[in-house]
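Here the chain labels run A, B and C in written order, and each chain numbers its own residues starting at 1.
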Amino acid sequence: MKIMIFDQGHPVTEQLLTKAIEVFGTPESGTCEIVLARCIGKAHETAADQLQKTVAEERPDVLLMGATALGEEIAPAMGIRLGTGVAAHCVDMELRYDGEVVFLIPAFGGRVIGEIMIPDVQPGRPAIATVKPDIFSADAALVSEINENNRLRVIDLEPAGEHRGFQLTGRQPRPRAAVDIGKAELILCGGAGLGSPETWQRLENLAKALGGAAGCTRPVVDAGWGPDESSMIGTSGRSVRPKVYIGFGISGAAHHLCGIKDADVIISINKDKKADIFNASDHKGVFNAEDVLSALEEEIGL
Amino acid sequence: MVILVLVKPVPDPEKYNEIQIDPQTKRILRQDAAAVLDPASKCALEEALRIKSEVEAASGDARCEVIALSMAPQTNRDKILECLAMGADAGYLLSDPAFGGADTYATSYVLAEGAKAILAAEELDAFDLIIAGNESADGATSHVPVQVAEWLGLPHLARVCELQIQREGAEGQEGAGGTPVIAATKKTEEMLLTFRCEEPALVAVTRDINKPRHISAMGIVKARKKPLTIWTNDDLKLDEAKIGAAGSPTKAGELMTPDLSRGGRDLTEEDGSAADAAKAILALLRKEGLGA
Amino acid sequence: MDFRFTEEQELLRSAFADFAKEEIAPYAAKWDEEDYVPMGIVPKLGEMGIMGVFVPEEYGGAGLGHVERCMALEEVARYSAGLAMMVFTHHLGVAAILDYGTEEQKQKWLPGMCDGSCVCGLAVTEPGGGSDVAGLKTEAVLDGDTWTINGRKCFITNSHCAGVTVVTCKSGEDEKGRAIMTTIAIEKGTEGFAPGREENKLGLKGSFTGELVMNDVKVPVENTVGEIGKGMPITMKELGEVGRASMSAIELGILRGCLEDAVKFAKERILYGKPISKLQAIQFKIADIRCDYEAARLMTYNAAAMKDAGKVGAEFSMAKYFISEAAVRAARNLSEIMGGYGVVNEYAAGRYLRDAICCLPSCGTSEIQKMIIAGETLKKW
């Protein structure tokens, strides 16, 4: 089986590589060959055309890529150009005994997980799957071992040809949160239940004082209290895997629960004793979020 | 100017937490949850209507027609009516049992063919712009807009959080047409990228691009006179092997609701206070080697 | 007989419901607690077409009928009966101008009333009596081209915010000494015309209810609404047809609030180890609220549809009487289902009960309605 991974220069590549080896086997085992189609920088603009050519030459059975802003446009385009199916935002994949690849994808905000198969796969008409960053974790030791021993074939996609359509006219970095929730070991998360931007600010300060990061849900972003989507946790936001997650005034909608399911310890504070999040938590407290915030501030002398 | 807006009815997102799977059939237990217009579709339509107001305000002769298109069962006719009531000038619904069971590949194919049929019916050469929502509430694949663009051979841009139409050569000239130029801002993980496109294209917009307007009683009355067309496959005459489940390269298997339960032990005694909870939390953090 | 809304009406209803959920529901409790009148929402009500839903398009309205008007009131009242009172009183004045005004008056006032820049009012009740309309004392004397008006009105909704108020005045006496009435429009700011004291009400907070004082108010005869001397039939018609249907719709909104909150609470409240919705006593109360709601709904829209068809009857009185009593019943049932929570202001049950009771005297008390109903029944049956 030949697996091609579209490497757009994003950490999700290492995550995909780790998962691919886990599912399909290591290159040494002889069961599969893994090829990296690397596309960096300016090459992004003509990525679709170049990738299409590379797939025609390499004829992989499976094409994997990160569901990043770029990947989300390339993958479905490839689906149409190659006449094949695309499994979007996979949360898992399996190789069944009969050689069939099964992808697991979320629907209805993550409330439902469904199996997707792409039966009519042929070399050159691969099954395509996208995976959001941080759904899988990268095995750093494995990845560096493979790189050191050159066990991976890398094909570089060069920028080529005239690029019609949308021309890039400017780029600006987005303001980022002080501590990225993707790497934090401790995350304090606040929702609309905090009530005001002032209380949100207190949560951010408390997170910082405890050496952690502040995450949020969509209503906080929409209300303009400060954080943007990079701090938003959920199926349409980020997935996180901290050691400890503490939710303040979070009710526990399915999409948010999916985003935090890989945390080691989940602690939740909510004044509604029927909040859905309590069942998905290790520890719970039926309290007003602000009261616990104040108590924590007092305990650590903030 | 003509803008096509792709809209999608979805089961009401407010009810997703209650969805149950039938343990036997592994299918969703159908609830009566009514379908609503997908929130991202509404943002797409709102953006088109905003552009329409701007274009028509800028010059007395300028006209911008907004057409809504959807592929859905006929029970969703009222969603198209809703688009007309919001301000769209015309609405089309592609509806046929043969379109059912389609994945994004077959859905985008039918929508693309529908778009072509609209051009023929309205005697237009091309749409100046096609707008869709970036991600729908139910499937959230984000595939259909890009795939429709591919079928139609149009450039596409997704995750668009800001959109402007500039009309070349129209400044200060009454009635001067000018080709519409699309200026769009795309949000990536780290960057805000601005783009410019001088030919007809498709953009998929994120929900933070605008706040869709309320439908008013006046809008609903005006909608009565606007054309709402329903086409079946008898009208489109598409090859049955390319539509619906038959035309879908992906096949759906079993469904499950993930079991995320962890037990939820109380942090404090029954009459514990917030202060007790705070102490318990800090103790847990210390146990994990975290905290100040 | 198809008692369901058409596809278009259903779309309209959900448009009003979405608007109410977003713009009214989050604030209703606060408006009630602070007795705050949300004038800021009036332009939005104008944009939605709620202020002028039954006014023809040529004057800036939506050009729909009274069924749609009642729908709007029901959806607003579901969350804020107080705000709905402002809207319905506005509709009363608008209807008088629409039905009886001159073309000049309609062109002058209706567009502003439809877009929300001008709230309208209708002033009838006086300290001397509300049920006794024939006994009202506000006097209007015509001298040449000018009316001079003196008197006081009380319990007038929109007293402190109406841009134009249609005032029922005594303009003369007939040969038997009975009062002859004329309805006259007075604009805000007219010298001698001003709101007086503002009432502190038990319920229906979120709308102004107060006095109007007229001290030698001079208005041109062009402000006469309808014919001189026809004030009584005009007032009675508008109160009877527009007013009572409105009150029915408002009380229907309160009823729906009671039903939805009762079901929600019953399913969530755990006693004896299970939700109280499993207990028959609770189920019986919910069944009563439901039946009251369904009957109220049919009566309201039947009356509204009859008016749209141009037919008039005691249906409006029957609806108002039945539904106002039903709303009080349902609010009480809800409060009892909720036990202690029913009398705690964090929940809406108390507000529903207070609002329902305050609806009883509006547009005719239950006793007045029963007299009208009996009169028609004895004649026709």
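Here is the rule we use: a residue touches a chain if its C-beta (ideal position, glycine included) is under 8 Å from a C-beta of that chain, and two chains touch if they have at least 3 such contacts.
Predicted model, so just to flag it, every value in this text is computed and none were measured.
K.L.:
If you average the Cα atoms of each chain, whose average lands nearest the overall Cα average?
P.N.:
B
K.L.:
Please identify the chain with the largest separation between its CA centroid and the CA centroid of chain B.
P.N.:
C
K.L.:
Which of the two pairs, B-C or A-B, is linked by more C-beta contacts?
P.N.:
A-B
K.L.:
Between chain A and chain C, what is the separation of their C-alpha centroids in Å?
P.N.:
That gives a centre separation of 54 Å.
K.L.:
Approximately how many whole Å separate the CA-defined centres of chain B and chain C?
P.N.:
Their C-alpha centroids are separated by 40 Å.
K.L.:
Distance between chain A and chain B based on Cα centroids, please, to the nearest Å.
P.N.:
Chain centroid spacing, chain A to chain B, equals 22 Å.
K.L.:
Residues of chain C touching 2+ other chains?
P.N.:
none
K.L.:
Can you name the residues of chain C that touch chain B in the complex?
P.N.:
That would be residues 7-8, 10-12, 15, 18-19, 22, 47-50, 53, 57, 62-64, 68, 72 of chain C.
K.L.:
Name, in rising order, each residue of chain B that touches chain C in their complex.
P.N.:
Spelled out, the residues of chain B in touch with chain C are 77-78, 81-82, 85, 214-221, 223-224.
K.L.:
In the complex formed with chain A, which residues of chain B make contact?
P.N.:
11, 13, 16-17, 19, 21, 28, 103-105, 108, 135, 137-144, 146-147, 149-151, 154-159, 182-184, 186-197, 199, 201, 208, 248-258, 260-268, 272-275, 277-282, 284-285, 288-292
K.L.:
In the complex, go through chain A and note every residue touching chain B.
P.N.:
Contacts found on chain A: 10, 68-70, 72-73, 75-77, 79-81, 83-89, 102, 105-120, 133, 164-174, 176, 185-186, 209-212, 221-222, 229-230, 235-236, 243-244, 246, 253-254, 257-258, 261, 264-269, 276, 278-285, 287-288, 291-292, 294-296, 298-300.
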